[in-house]
Amino acid sequence: MSEPVYRYLGARGALRRAMVGGVLAAAVLALVPAVVSPFQLLFAAEMLIQCLFALAFNLLFGITGLLSFGQAAYFGVGGYLAALALVHGWTGILGVLLLSTVGAALAGLVLGYCCVRLNEIYFAMLTLAFGQMHYAGARQWADVTGGSDGILRVPRPPLRLLGLTLPLDTGLAFYVLVATVVLLTTLFLWGVATSPFGLMLRAIREKPERAEFVGIPVHHYRLAAFVLSAACAGLAGALVVLLGHTATPEMLFWTKSAEPVIMSLLGGAKVFLGPALGVLVYAWLKEWLSSRLVDYWMLVMGLIVIGCGLFFRGGICGALAVWWSARLAQRMSYVSTRDPQPDQIVRPDDSR
Amino acid sequence: MSLLETHNLTKSFGRMIAVDYVDLTIADGQLTAVIGPNGAGKTTLFDVITGKLRPTTGRITFRGQDITGLPSHAIVSRGMARSFQVTNVFPELTVTDNFRVAVLSTRRSAGRHGVRGSAAGAPAEVARLLREMGLQSYAELPCAALSHADQRLVEIGLALAGRPHLLLLDEPTAGMGPVETVAMTHLIHNLAHHERLTVVLTEHDMQVVFALAERVVVMHQGRIIADGAPAVVRDDPLVRTAYLGQ
Amino acid sequence: MMPADSLAAYVLNGLVQASCLFLVASGLTLIFGVLGILNFAHAALFMLAAYLAAQVSAWSGSFWVALLVAPPVLALVGAGLEWGLLRRVYDAPVAYQLLLTFGVILLIKDLIKLLWGTAWKTFSEPPVFSGTLVVLGRPYPLYNVAYIGCVLLIGLALWAFLHLTRTGKVVRAAAADRDMANAVGINVPLVYTGVCALGTALAAIMGVFHGPMMNIHLDVDQDYVVEAFAVVVIGGLGSVPGALLGALLVGMLDAFGILIIPRFQMAFIYMVMAAVLVFRPQGLFGMRETRV
């Protein structure tokens, strides 16, 4: 057993974890501005956005078992929608975020409908094709998307909420917005993952045919997961555009789609927060390696990624789980042959 | 009223006819065994009835409704359940979660098609299944860690979760040793008579067939060649020829 | 209607692009057909070959020496990759194949950077192919036409190998049914390594020919990675004739797209790829059984 075993928590268990986790996360996130410079806060915000993107991806991959090579399409759709709205004078940030989320969700609905009927490799190839289609569209539809330059100088209007106007031009203010949105969305995704719906998605991941025969309409559930994943990816895209004031076609390129795949596998796809861990570890490693080994960092990173693929299939979380379960091995003794239990046998002298 | 009826049911793959104009009627409460040599079309028949394959021609009626061509999940939610010849459980989920999936899923559609739901909540249903299959001590283990025989029990448990009207068991004792086969036989008997489930099973183990079945249907090359009480079928010369070859 | 000489130029451009795509895609499709692996690092290997060819050409002053050296070296690299790494993810989910090959891409890119830096490289075509050819009154680089001809010959040789030699038939058998081939006594691991070597060699040939036509830089693989997959999908995973037809189709779309649908020609290729996957997943000549 090399993967962490999933145990359904039930509504109360999940809620408890959500509350504890949410409070802890909020505390950690609140501490970050105290220890880093305002410039680094923007970097922290970018990290959080990447975490959201990776978590959205993993809803589809780790939980539902669908490997999509094209989530960047929805990331980009959300980003470009936000950019276009802001550049054309929209001033409601929350409205813009909503627009991106819904727009990406609609794209996911239309494209996902074509994708979810295909099996593993063909699903992956089709999502790749759709992703590149979006990239090509963004690069060449210059009238709307600004072509290969993209959309520049996207404004970041102040947040208007409950009659207050909160300017977002400082690193701290924007970080707080990003942290809040990401935290809330993560809690929402946690709710989805731990709900009966999430349990059925996991069943679909394990054995789609058996799931069908237990009464689960597999295609519909897969589509629902696809749409949710696309929506959250779109939200992440909108945040990234607000962060960098630009929307570029590179947001939709296949290498951008590959990022959450790598991060999820590095961190551990079977654990809910695994992808977030993967994002943070990858970023930290990249930072550390490129400062120490300026010319060799890609080499070492490549070796680490390969090593992960060969020996640590469960990622960091998987490796930790193996270590932990090795310590618990004695408590789980299992006898492989059993005698029939008394209460399930009908004695031969009973009615027949 | 009969629970399940097939009319002129045919399934062909190109020029190969796997199920050949089968007319089968299953009455409520019967325990039927479908037997036949390898390649007779038993599993394909199951596949077509449960919606895994579309019939080439013919109709299937279940509880008075035409279910021909419906997707499997729709058929299952109408009260039919099936277990597979090759064990088909959710390996990385715990036993409890396996049952939970099945219970939650069928409760979703209970009442919509007049499927018997139980008044108890989902956790109670899951506990009942664990008890009935005798798997309480392995409840929190991932299914992949269980022995083959225990996984077959989970398989049957999954099929029972929705309190189906009709249970189709595809070679339930496949791959089991003698002790486990006896236990499974008792379990199926219990289900058929104490739970009043209508059971149709395919089997190669003749001892199981003759211990359980009230009615035996023999298939050969896609067609039904004999249908009746076990003792009668056993002595039918056509059946002998089919099994011993031409 | 366009004048014939311009049309000829477009057709030739399309054929050149098709030739490049065929060399990359045929290797990719063979590797998928036989090993069942989607090798994302394939295009990076062609890039490595291009750099190596530039180096060899600089040392020896000859294009032909580069053509003789680069493909075998890359074939060894490909074989080594299969033996050391890819072997372990044959039956693993596609995600791990991506992870592994992504790591390989990083390795190759860094290797190139270390050995040759980030400067753009180029080298010249062999003197016998230099100059221009007059096609319908217009000058056209002789090298490009020669390239098309060479790729045609290679395609024929590949077909002959796969259909007329015993080894080739073994490869096709292994592609059709891996387990059966093993059961019949074919040394499947050796076949796998061989196919990987062959596929990589084909990509390497492309890398060598590519050099005189375009600059070589660290992102040159990006142009081909996904387009090669598009060709493989359209032609059918595992089919070399499919790769040829797919390459022709995509190459021509690349060349003529600018005329017909100027703003969306890039997207159109991927739309075709998507349409094939939705309506006919096994492509034009697909070999692998698809279970939807």
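General observations
So that you can tell them apart, the chains are marked A, B and C in the order they are listed, and the count of residues begins at 1 in each.
Just so we're on the same page, a contact is a pair of C-beta atoms (placed from the backbone, for glycine too) under 8 Å apart; a residue touches a chain by one contact, two chains touch by 3 or more.
Please read these numbers as outputs of a predicted model, since none were measured by experiment.
Fewest steps needed to get from chain B to chain C, stepping only to touching chains, is 2. At the far end from chain C, in terms of centres built from Cα atoms, lies B.
Averaged C-alpha coordinates give centres for chain B and chain C that are 50 Å from one another. Work out the mean CA point of chain A and of chain C, and you get 33 Å between them. Averaged C-alpha coordinates give centres for chain A and chain B that are 39 Å from one another.
Within chain C, no positions touching two or more other chains are listed. Shared interface positions of chain B, defined as residues touching 2 or more other chains, are absent. Not a single residue position of chain A touches two or more of the other chains. Against chain A, in their complex, chain B makes its touches with residues 50, 52, 71-74, 76-77, 81-82, 84, 88-94, 96-97, 100-102, 104-106, 108-109, 123, 131-134, 138, 140-142, 144-145, 147, 149-150, 158, 161-162, 179-180, 182-183, 186-187, 189-190, 193-194.
Only residues 38, 85, 88-89, 92-96, 98-100, 102-107, 109-111, 113-114, 225-226, 229-230, 233, 237, 263-267, 269-271, 273-274, 277-278, 281, 290-292 of chain C touch chain A when the two sit together in their complex. Residue ranges on chain A touching chain B, taken from their complex, read 1, 3, 5-8, 10, 196, 199-200, 202-203, 206-207, 209-218, 270, 332, 334, 336-341, 343-346, 351-352. If you check the complex, the residues on chain A that touch chain C are 61, 67, 69, 114, 117-122, 124-126, 128-130, 132-133, 136-137, 139-142, 254, 258, 261-262, 265, 269, 295-299, 301-306, 308-310, 313.
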